[in-house]
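Okay, so chain A shows up in both of these, paired with chain B first and chain C after.
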Partner chain A sequence: MNNSIKQTQIILLVIIVVAGGKFLSLPGLVAKLAGRDSWVSMAIMFAVDFVCLAFILWSVYLNKGKSFDEILSDVLTPVGAKIVFLIYAFFFILRIMGGLLDTQELISSTLSVVTNWIAFILPVLFVAGFNVVRGVRNIGRVTQIFFGFIFASVVGILLLSLKNTDFSNLQPHFANGFDLVAKTALDVSFWFSDYIFILFLLGKITKTGWFSVKVSLAYLVGVTITLSLDVIFLCLFGNLAEFSSSALAKVSGFNLTGSVYGRIDWLFVMIWASSVIIKCTLFLWSATMALSYVFGIKNKKGYIILFALVGVLFVLLPLVLPIKNIIVNVFCLGVGKYVTIFVQYVIPLSMPLFTFLSNKKTNGGKNYAKQKTG
Partner chain B sequence: MQNKRQAEPCAKKYAKIFLLVLVAFVVAWVASSYTKSELADRAIVLGIGIDMVDDNFVVTAEVISPNEGDEGGSSSATSKLLTGVGQTLPLAIQDVFQTSGKNPSLGQTGIVLLGESMNNQELKHILSYFIMSDAFKDGVTLATCEGSAKKIFESTSPVDSMVSFALQTIIQKSGKKTNSTSNVLHNFVERQTRHSKTSYLSKVAFVNDGNDKVNKNKDSQKKTGVYDCSKLSVFKDGYFVDVLDNDETRGFVMLTASKTYDNFVVDEAQSVLGTKDKVSVGIVSKKVSPDVSFDGDKILAKYNLDMRVRRMRTDVTGNVMDFLPQLPSLIDEHIKQSVKTQTEQLVAKAFKKSKNINCDFFGVADAMYKKYGKKWDDYQKQNPDYTRQIEFEIVVNVDD
Partner chain C sequence: MLKYQFFKEFCGFADLKTRQLRVQGQVVDMCFLDGMVNSDKVAEYVAKPILSLDKKPTFDNCMQAILFGAECIEIDDVQSAKKEFLDGKTILFFCCDERAIAVDTKGIEYRAVIEPPTNMVTKGPREGFNENVKTNVMLLRKRLKTSDFRIKYLSVGDKTNTMVAVCWLKGVANKKITKQIISKIENISIDGVIDSSYIACYLDPDKTNLFRMVGSIEKPDIVCSKLLEGRVAIVVDGSPIVLTLPYMFIEDMQSPDDYYYYMPQMATAARVLRLIAMTIAVLLPGVYVAMQVFHYQMLPSKFLITIVSATQGIPFTPLIEMIVVILLFDILREANSRMPQIAGLSLSIVGAIILGDAAVKAGLLGAPAVMIGAMSGIGLYTMPDNTMLFMLMRIAFTLLGGYVGILGILLGVMLVVSYVVSLDQFGTPYLAPIAPSIANDKMDALFKKPLQDLQKRDVSAMSIRGKD
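Let's look at the complex of A and B:
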């Protein structure tokens, strides 16, 4: 498993994971909860995420070559660290499952390519598994190849939709009060904090000049793309936004009133869908790493077995449990969100302190990685 | 010992073969799990007509029919009509394809036409079938028609054999170059979920021009004619309310569609040749600035309409656009005053209609809600017939 990753790859990954997967069922769900102010709820969560990202980057700056596992084990004891990693693995698996269930629905309803869950997920798992076992460097390279196409398709979708967008549809602001907007932000927090994969790269990052600034800018690019599409979606669909199961398919197809372009939007949607696969692969790698820390696995064969176990969960769970309902009712609207908030926000915010304590405890750590500090 | 060494590679070999067979089986199974849909099995729908007969939906679908080639060897495509009947719209559409044996492909649908018999139906709910579909374009042209939608699809235009294409061109594209306007599926439904709960649709009427010889296909029984789309039907809370006549439609379009063309005839105007005669002028650019406010218990809806007109030449073809250069003036005060008066009269007719039929098709309530939020909510609850409280005002400024 080659887990060394270049700075450019991390920057592209940040843009992809922040925007990827957020144009499926999420805009409709947020619109259902907060109406035309739902973009503000998303903006609030992005702002919170930005603070947490800053803390993670601070931790990267302080870190002296230790892995996430080593830092948490030093501070929270090995048992405490294993519990945290179990929650991380659970969080990542649930996020990917939700994303892939939405993607299957998108492909099925848009292109009328109807299939069952197993036939849909097996090829995806095969591709993801190959990349996961090969290491995060592989995922970074795939991102480099696909990024230009994905970015162009998002710009194409934005341009296709802009013509009919009436921005006055966002008014009146806070008609139902700011409390509802803030509560919605908390309720949909499960779908945010995508940057936490960086924690699993601790000790593997080759830092060069202005690393933190570049990653922060990449994050802001991802946020700008996501919020722009969400605002356009709300302006176009107004009161019907909440009934949309896939915002991207709706937005991209809205302006195609004529037959001149055929369904060029489908091309854009399918290219964009590859960003979901990249995001899922990255999160699957993160989940595998989290489980490898829990079970103390450090060899390729072990990773394959772990990934196979995760794969079995992926295939079976949606067949026996209503995963999407569980995500919405337990992890968005229910108490489940407080469990994930712990790994999404509490751990990232504590990381600079943990890194400092870990450095202090072991006097600089055992495994210094070769790194250039800018 | 030697036997054991020989057995190990042999077991590995069998394991590899077993793995290969397993992978081949899985790949074959995955591939077979995707529903196959060959092009020949699909019916690509260009347009849909919806009628109501004896409490049943009757759907007429115009589908592409690829021809293998004519006598000259060239291939072409024509359209055919398929009909389905059902208690609900989804069932009627399903019936179309059950009876034809083709899979529906609604993603290319360009127009949905509602027959006159749909006037008594609650359209918001019925059309939500299309709205909820990701494949169906939300921007599909939606229109009503005089008589049955099926009859319209059974007719043909002298210039376009496919009715769906002909109607799309007339309603959607040419609509901007005439004094009417069009609407799309999503806007129609969404506007009725807003505070005004109103929306509008083009009304298509088939006018048989008696020129059936133009129809190239001698065997065809289709009537050839033109489609008149100069009127609008207005709806409230999902139900049909009334039809705006030509003048009311022009007045409404003048204030709601900023890029839509119109023209005027001015009597006794100075012609370019120095005589006094009838002169026709057309709009080349237009800007509408609506402003709504409370005026005591009343609602004041004020519209400022700034428009530039030019004498009609071959280049005044109905393209209304911004950023036009200044040209030497051929529009005198008499023409300006005449256009202003005519515009005010047209708009006044539309205002009057809105109040008379208690239908806020100008969307004053939507603008009030955007401006006042909850205050408007409370007002509307206390004054459900607020349309009669609206005092419309129009300020027209004509320039050249």
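Let's look at the complex of A and C:
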């Protein structure tokens, strides 16, 4: 498992994870909760995320080569750190399942390929697993290869849809008040804070010039793409937006020249789907890392066993539990969101302080060792 | 003792020739392998100087006399004597002396230095390597007139004792990589090395052996440019193919012609075309089958009508139809490469035109499938070194397209990309400079910059100056 990664790869990954997967069932769900102003709810969450990202980048700046688990173990004690990592693993697994279930639905509704969950998840897990075992460096390199195609496909979808977009559908603004928009932002927070994978790269990032600025700009690019697609979705569908489960499949369907060019948008949709797979692979890597900290696994064989266990969960859980309903009712509308908010927002916001305390502890330890030996 | 051991070893050799040269009452035993030596050289540079000696033919006197005409070395053990003798040298044994002289009188016939059938260029040098390691090294040496050009000769193969020359430019190639390559070659345990591809197998880190990670070149000008980039070249006796390391996928997209056009835009256009052709070759049959089976709405209506009318009455499913077309093409290609050249041309015309046309007219295959199969087949040859790999990949992607549709193809591509990006050799990533992205090396990757802009050496080839 090679977990060294280049800055460029992190930047591309940030764009991919921010935009990837947010255009499946999320726009329909947000539209259901906040109506025409749903894009504002998403914008609010992105703004909150930006603050958290800034705190994470601050801790990257402060960090003196320590990994995430070392920092948390120093500050929260090893037991506390393990509890936090368990929540992280749980959060990542839920996010991946949600994303993949939505992707399966997108493919079924777009390409008319009826695939059952097992037939869909096994090849996806195989691809993801291969990359997880090879390490985050592999995921970064795959992203470098696919990024151009994914970006072109998003531009293609935007251009195909733009022609029929009626921007007046966004009005009237705040018809149901701003409170509803803000509450919706809190309700859908589960789908955000994608950049927290950076925490698992702590100690592996080489800090060279303008890293924080570049990552922040990458984040803004991802936000712009997502919000643009969401606004177009709302403009195209207006009040009917809440009934669309796979937003991406619907948006590009408004291309009226379909009979002349064929459903070329499906090709774009499929290429875009690779961004969801990359995102899920990255989250799977993060989940595996989190579990490896919990169980103290440090060798490749251990990672493979862990991944196999997680894989079994992925295959079986959606067959016995209504995962999508659980995500919506417990982690979006229910109290479950307060558990995930802890790892999504509380930990990232505390990271600069944790890093500072951990550094101080290490320095103190060194001085103590010096005194003792001196 | 040395003479006794030597003759005991080679007793009964049909092509062993021995002569006794008697000078001033003392005998010098001369032996060589018939056919391996040039008899004129033996007479002129060995027999004549010894026979014209006006003093006793001792080891020192003979060595002095022969040294004027031919390269000779002193031998004092039977193993060295065997090695030199089997290499085509003439061995001289002396009375009461445990030393022998090996004289270079090799007279093996080699192919001339001609334009190689692979790596042909429209403009540029036409010289190609032949099967003689010395000639091949000379072809490199004459282009690299610098004391930095270093060669290390190794002997590989327990039975063949094949000479392998590892060449590099001191101060340019990475020392560590050079050492690793030499060490790997030294550790090869094999009966015989018939061709450089045998060595390549031991240097290729790809466990699946699908992706070629060792460069194979038949032109000295290209090898020289690789050496100048910091790579290491391996010349093997008996093979006109010189290996270069480290090797990256992007090199498959580069052709020697790219460097002899003075317009870099032409090279860029050609490389982009090769990439498109490769993509078409590997993915088009699969995408076509997927569209026919699952996603026919993706096709423009007029195109769809044409395909439907062309495939009406075809007794096979789209997947089987495409697999048949691909297999037909591959059988023709394989037969064409094996059959005699004169028959090859006429038979390929019979195969390609008559067979294809007859199959369409008989209603067994659809014209679009034949056309797509042919397009894909031709595309394979834009990167001729990887034809077999791409051939296998297009069958795999066609099966994926036929069974799972575009999703299957997408996952297949992701798996292949994931595997390829994980490959590296001596620390050089196989997909560099694309993944990982290396700005300096991208100047001569898919897009080529003018020669005067290429100021720094490739970092991916791990050259010393490039790392600065």
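Points worth noting:
Everything below uses one rule, namely that the second predicted complex is superposed on the first by the 361 of 374 C-alpha atoms of A that agree within 3 Å, B and C clash if a C-alpha of one lies under 4 Å from a C-alpha of the other, contacts with A are read in each partner's own complex, and residues count from 1 in each chain.
The criterion applied here is as follows: a contact is a pair of C-beta atoms (placed from the backbone, for glycine too) under 8 Å apart; a residue touches a chain by one contact, two chains touch by 3 or more.
The structure presented is a predicted model; accordingly, all values stated were derived computationally and were not measured.
Of the two partner chains placed by superposition, chain B and chain C are both touched by A:Pro123. Applying the stated contact rule after C-alpha superposition, one finds that A:Pro172 touches chain B and leaves chain C untouched.
Contacts of A:Phe237 after superposition: chain B is touched, whereas chain C is not reached.
Looking at the shared chain after the overlay, A:Leu111 reaches both chain B and chain C. By the touch criterion defined above, A:Asn299 lies against neither chain B nor chain C after alignment on the C-alpha atoms of chain A. In the superposition on chain A, contact of A:Ser245 is made with chain B only, not with chain C.
Shared contact residues of chain A, touching chain B in one structure and chain C in the other: 111-113, 115, 123, 258-259, 262-263, 266. Contact residues of chain A toward chain C in the complex are 6, 8-9, 107, 111-113, 115, 123-124, 126-127, 130-131, 134, 138, 140-142, 144-146, 258-264, 266-267, 270-271, 273-274, 277.
Taken in their complex, chain A has these residues touching chain B: 106, 109-116, 118-119, 122-123, 164, 168, 171-172, 175, 236-240, 243, 245-246, 249-250, 253-259, 262-263, 266. Chain B contributes residues 26, 29-30, 33-35, 37, 103, 105, 107-108, 110, 128, 131-135, 137-141, 165, 168, 172-173, 184, 186, 189-190, 193-194, 369-374 to its touches with chain A in the complex. Within the complex, the chain C residues that touch chain A are 294-295, 297-301, 303-304, 404-408, 410-411, 414-415, 417-419, 421-422, 429, 431, 434-437.
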